[in-house]
Amino acid sequence: MSDLHVYRPEPDELAYTFGGRPPVRRVRPGDVLRVSTEDCFGGKVRGVDDLPTVVCRFPYLNPVSGPFHVEGAEPGDTLALHFASIEPARDWAVSSTFPHFGALTSTSHTATLQPPLEERVWWYELARDLGIARYRARNSDFTVDLPMDPMHGTVGVAPAASEVKMTITPDAHGGNMDTPELRAGVTVYLGVNVDGALFALGDGHARQGHGEVSGVAVEAAMETTVVVELLKAVPTPWPRLESDDFLMSTGSARPLEDAFRISQHDLVTWVAGLTGLDHLDAYQLVSQAGEAPVGNVCDTNYTIVAKILKRYLGRISVYEGVHDRLRRIAAAL
Amino acid sequence: MSDLHVYRPEPDELAYTFGGRPPVRRVRPGDVLRVSTEDCFGGKVRGVDDLPTVVCRFPYLNPVSGPFHVEGAEPGDTLALHFASIEPARDWAVSSTFPHFGALTSTSHTATLQPPLEERVWWYELARDLGIARYRARNSDFTVDLPMDPMHGTVGVAPAASEVKMTITPDAHGGNMDTPELRAGVTVYLGVNVDGALFALGDGHARQGHGEVSGVAVEAAMETTVVVELLKAVPTPWPRLESDDFLMSTGSARPLEDAFRISQHDLVTWVAGLTGLDHLDAYQLVSQAGEAPVGNVCDTNYTIVAKILKRYLGRISVYEGVHDRLRRIAAAL
Amino acid sequence: MSDLHVYRPEPDELAYTFGGRPPVRRVRPGDVLRVSTEDCFGGKVRGVDDLPTVVCRFPYLNPVSGPFHVEGAEPGDTLALHFASIEPARDWAVSSTFPHFGALTSTSHTATLQPPLEERVWWYELARDLGIARYRARNSDFTVDLPMDPMHGTVGVAPAASEVKMTITPDAHGGNMDTPELRAGVTVYLGVNVDGALFALGDGHARQGHGEVSGVAVEAAMETTVVVELLKAVPTPWPRLESDDFLMSTGSARPLEDAFRISQHDLVTWVAGLTGLDHLDAYQLVSQAGEAPVGNVCDTNYTIVAKILKRYLGRISVYEGVHDRLRRIAAAL
Amino acid sequence: MSDLHVYRPEPDELAYTFGGRPPVRRVRPGDVLRVSTEDCFGGKVRGVDDLPTVVCRFPYLNPVSGPFHVEGAEPGDTLALHFASIEPARDWAVSSTFPHFGALTSTSHTATLQPPLEERVWWYELARDLGIARYRARNSDFTVDLPMDPMHGTVGVAPAASEVKMTITPDAHGGNMDTPELRAGVTVYLGVNVDGALFALGDGHARQGHGEVSGVAVEAAMETTVVVELLKAVPTPWPRLESDDFLMSTGSARPLEDAFRISQHDLVTWVAGLTGLDHLDAYQLVSQAGEAPVGNVCDTNYTIVAKILKRYLGRISVYEGVHDRLRRIAAAL
């Protein structure tokens, strides 16, 4: 017997950290959650003249909806969140440059004596029925229609070791991984660190490129439906994703090769566990068959994904078959 | 009036550097080259008991065929190499671990006090008619058929500044980029640094995963057909690729985020030049529409590719339309 | 009128985070604090057979004493902590390797498939009257007397943006910087992020090498005397240190070059502000006259220091002369 | 019976690579070499209005004098170069910023869309009798006298594997390490890769800070005296230095932590070999007793040094006592 929860946060209910906050709702394994999320600017950039540094105030960026307490979740369990649907809530989205943020600029950490790039906002019309986001240049007449591919940049649980992290930071607890792989139809697995797991999500993108190069995607408020499940006494060291076709491991760290190493190490050991291959045989298989889509190369940690087709792994049972089960629940909604 | 050149090197003709060697052949722009390449072990690993550290000797690894002198090529020009076909020369390929080499091991540079991983060889049967490479585990009965996707890990020209580089090193001159994007149907653009360009190629892979995680792909000798063209007085700062659908820039550096920055910077400025967008508008477009497949995360420099669909860029003329022209020549072979 | 506070925490009073905890004491600017700190193992490694992974439990590592609330401290102020004395509390100290931790091993983030190095403990006798720590090899008779140079690896305030960080993490709030520059006679400047500042300290080292290469120094419980001062409405972006002779900026990040950039950027802009040099002239001066001792290359962020002799900067007033003032107070204790 | 060689290159004799050039002189082990070196700009920056990008032309930067062929040197030997004296040849030196080069700017590899910093030249008067280099700000009246500490940024041999490298690149063959530790009184050990070793040196600095932050030190032409020695069948994996008090290993790589790992790994294994300590005991000793002065954080590879006091190592014989022997020869010159 599962419940349907609907959660639409008021502006002052938005969260800016993972950890450190009481839950906004309690849900049970098997429940369905319909949740509204604001864009990374909290909806305050309403036109190309609304510069983020003027209308937003640090650290009130990248809000998430939540956290949600999952009944029975304890450290050592795995939370499974199946994204049944992710739909833009408005017929527009925005992007921008942000001073000293992004991959092609010096930053607070890759610190140089150069002034920042110009702060500029881009406005995207979303033709949601057609699945199109229209890019419009600011300094010329150039426009192009890009296919929408809605996703959440941020999903995570409360961190381990009593830490509290800004939502902008991706790490072993999830957070702002900014991978386009986190789209509808995907199940996310997160290791539980605290009682109740305390998951939250936000930072919807109507679409983004690999690496979120400029630091800001096609940012959109979302209406999202998630099916919640819990795997007792099953640990998950780093966030993993499963689609109908792929297994995916994530790594978030700096430098980017360490994020790569984390994700590949997790996928190799996961594949070894699923198939009975020893570590070197699994290393070989992943090396020849794997893909590695970049998540973000702009946040406080960089994120990269290691993925492999499930059909290359023979008959395997992944997390007790929970993805297929949740997929069916989602289909019936 | 173009010529067809056929080049099958003897073992002692193989090259192990870019630069520092006289040309093996002279070709003219418009000529077609049929070239045989050996695998990264020079064909010396003939079974799972042939450990690379026993049968090969540093620095005689990763041989290339060439260099080829292109008539009329001068510094400041761009060499266009269209890969008409890349076909495994034998019905087998090999892979291995190699001590202190690869992404999931300490290395000579990421130096630790740990002993190396076990050196192990994997043997792949290639069913060339079916386009299949069969993975066979060493320590279990597990096998799986992987689709072949033949490519060259290594292609490049003589470096600038009188440098001579081991073929294993990818950099601005090309080299061992190890990107699966370098498959048949693709045109590679390389900036010319010395008279005659002096290009060479090798390191065929029947397939590889993103990142060439273990350091060694499904290594195969190849029979490859290349159409050669020259663009006078057109500079190319880093190797670029063009397929029917995509423009691609490469970056090779450490740490991996610098390779990412180089490739994205090149793609952004290239797109700006093609479309008339200013740099920030191009940065925005690439950020939302681009992809970033990882090449290698194991060589002396890491390689990553920035790519974008040509159809997102409006009506553009890329390198004077040479890709389409070479495509047609290749189709007529 | 200043107070002398003495604080000797019970084991269950030790803290393992910066932020997220109520203060253990309230002090006023000008007060003197005598504080006992435990070693990074909480004093539980009592001999070479006490392996840290057996006697300690994650995340209960690297305890700090505190936090201390400083009356009147508000975000935007700078907390000045003058270390009047740092003295080993016992006549022994310990060090160890720790699995998958340290610079010359793969780690959880520089993840490889290799097994960890052997876990081994070293016991140091401290001849405190002579200022000597005796190194004793475990697998031979080799011994050598090293000069003691007592310091604190960890000092910091509650982080900004409501974050809570494990004490092992160095960042803009301070934390586990592990620089031998933090010895007696030095004033540490920390930007205040929350009311009361909430500073804490711990992780005493009888001495350490640059980089804390193995991940563990000569770990010692300490008796430490700190003089507390507050500079109102004076911001400090990253932790800074001042000795009688040097100004020092710290940076903590990965990769190590970003820690270097942060520290050098801070020192260049600090020097510019103190001397009236423009940024480029200050960049030039720091480039020729500066030093850059490495702190740690093993923690979750790496730390490096940028330092310059004050006498190279002409007549300057640093933080309103607070270092000299606190130095005199310390001398009178 | 040793010879004294004097070498003063004409401008067109200067070399810009290691490898790829015939020797300018032949010397024998035991010989003394008096060599003149030009500054990194080839002496072409003669005043603050001579911008390097105007008066110099890539790749004709950072010239070295040499290469010198050492009779009898073969791969697997070690070349010992004792720097008897390093003295500025002129009463001035220069420094500058250089577009997109240096630690506090984006570069060709840490590529951003920001414009470069202003190119600016600084002029240093050298009071050689007093050992003083006078810094003079460009945009204010500020001046300060800095102690001279003459050194060579660049020394190396022909690389292995038939490679030819620009002199700007530091690596296992030496090259532009830019460490202030390479001063008079120091012996440099370089592994020999080709017959004759083919060593060269240049890039004198009247002084530099750690990291050569701006990318350019106090650049000076030098008159240098080197005593040459050869150790047969003694390999040296990375450049090492020995002073009267210290053993030093270098590492050159990116990211900076890999340079750190290389240098520490080399020092740990070197110390183990000298003392009979096992690797873990040597790791522990170096971790507590070592120093790690940064060389450069601006070149194509970054360089860092690992050093330890010889007196901490008991009775050891380093490279057959060659440093002491060469020291005596130098004293008698």
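By letter and in written order, the chains are A, B, C and D; residue numbering begins at 1 in each of them.
As a convention for this text, a contact is a pair of C-beta atoms (placed from the backbone, for glycine too) under 8 Å apart; a residue touches a chain by one contact, two chains touch by 3 or more.
Heads up on the chains, UniProt names are A, B, C, D = Amidase.
Source: prediction; values computed, not measured.
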item	value
Same vs different contact residues, chain A (Amidase) with chain B (Amidase), by half of numbers used	same
Cα-centroid distance, chain B (Amidase) relative to chain D (Amidase), in whole angstrom	35
CA centroid of chain C (Amidase) to CA centroid of chain D (Amidase), Å	33
Cα-centroid distance, chain A (Amidase) relative to chain D (Amidase), in whole angstrom	47
Of all residues in chain A (Amidase), the ones touching two or more other chains	104, 110-113, 117, 254-255, 261, 264-265, 268, 280, 283
Chain contact graph, described as a line, ring, star, complete graph or other shape	complete
Chain D (Amidase) residues within the chain C (Amidase) interface of the complex	95, 97, 103-104, 117-118, 120, 122, 133, 135, 137-140, 142, 144, 146, 207-214, 216-218, 254-257, 260-261, 264-265, 268, 275-278, 280-281, 283-294, 297, 302, 304, 312-314
List of chain D (Amidase) residues in touch with chain B (Amidase) within their complex	16-17, 19-20, 58-59, 108-113, 160-166, 251, 253-255, 258, 261-262, 264-266, 268, 279-280, 283
Interfacial residue positions of chain A (Amidase) with respect to chain D (Amidase) in the complex	104-106, 110-117, 255
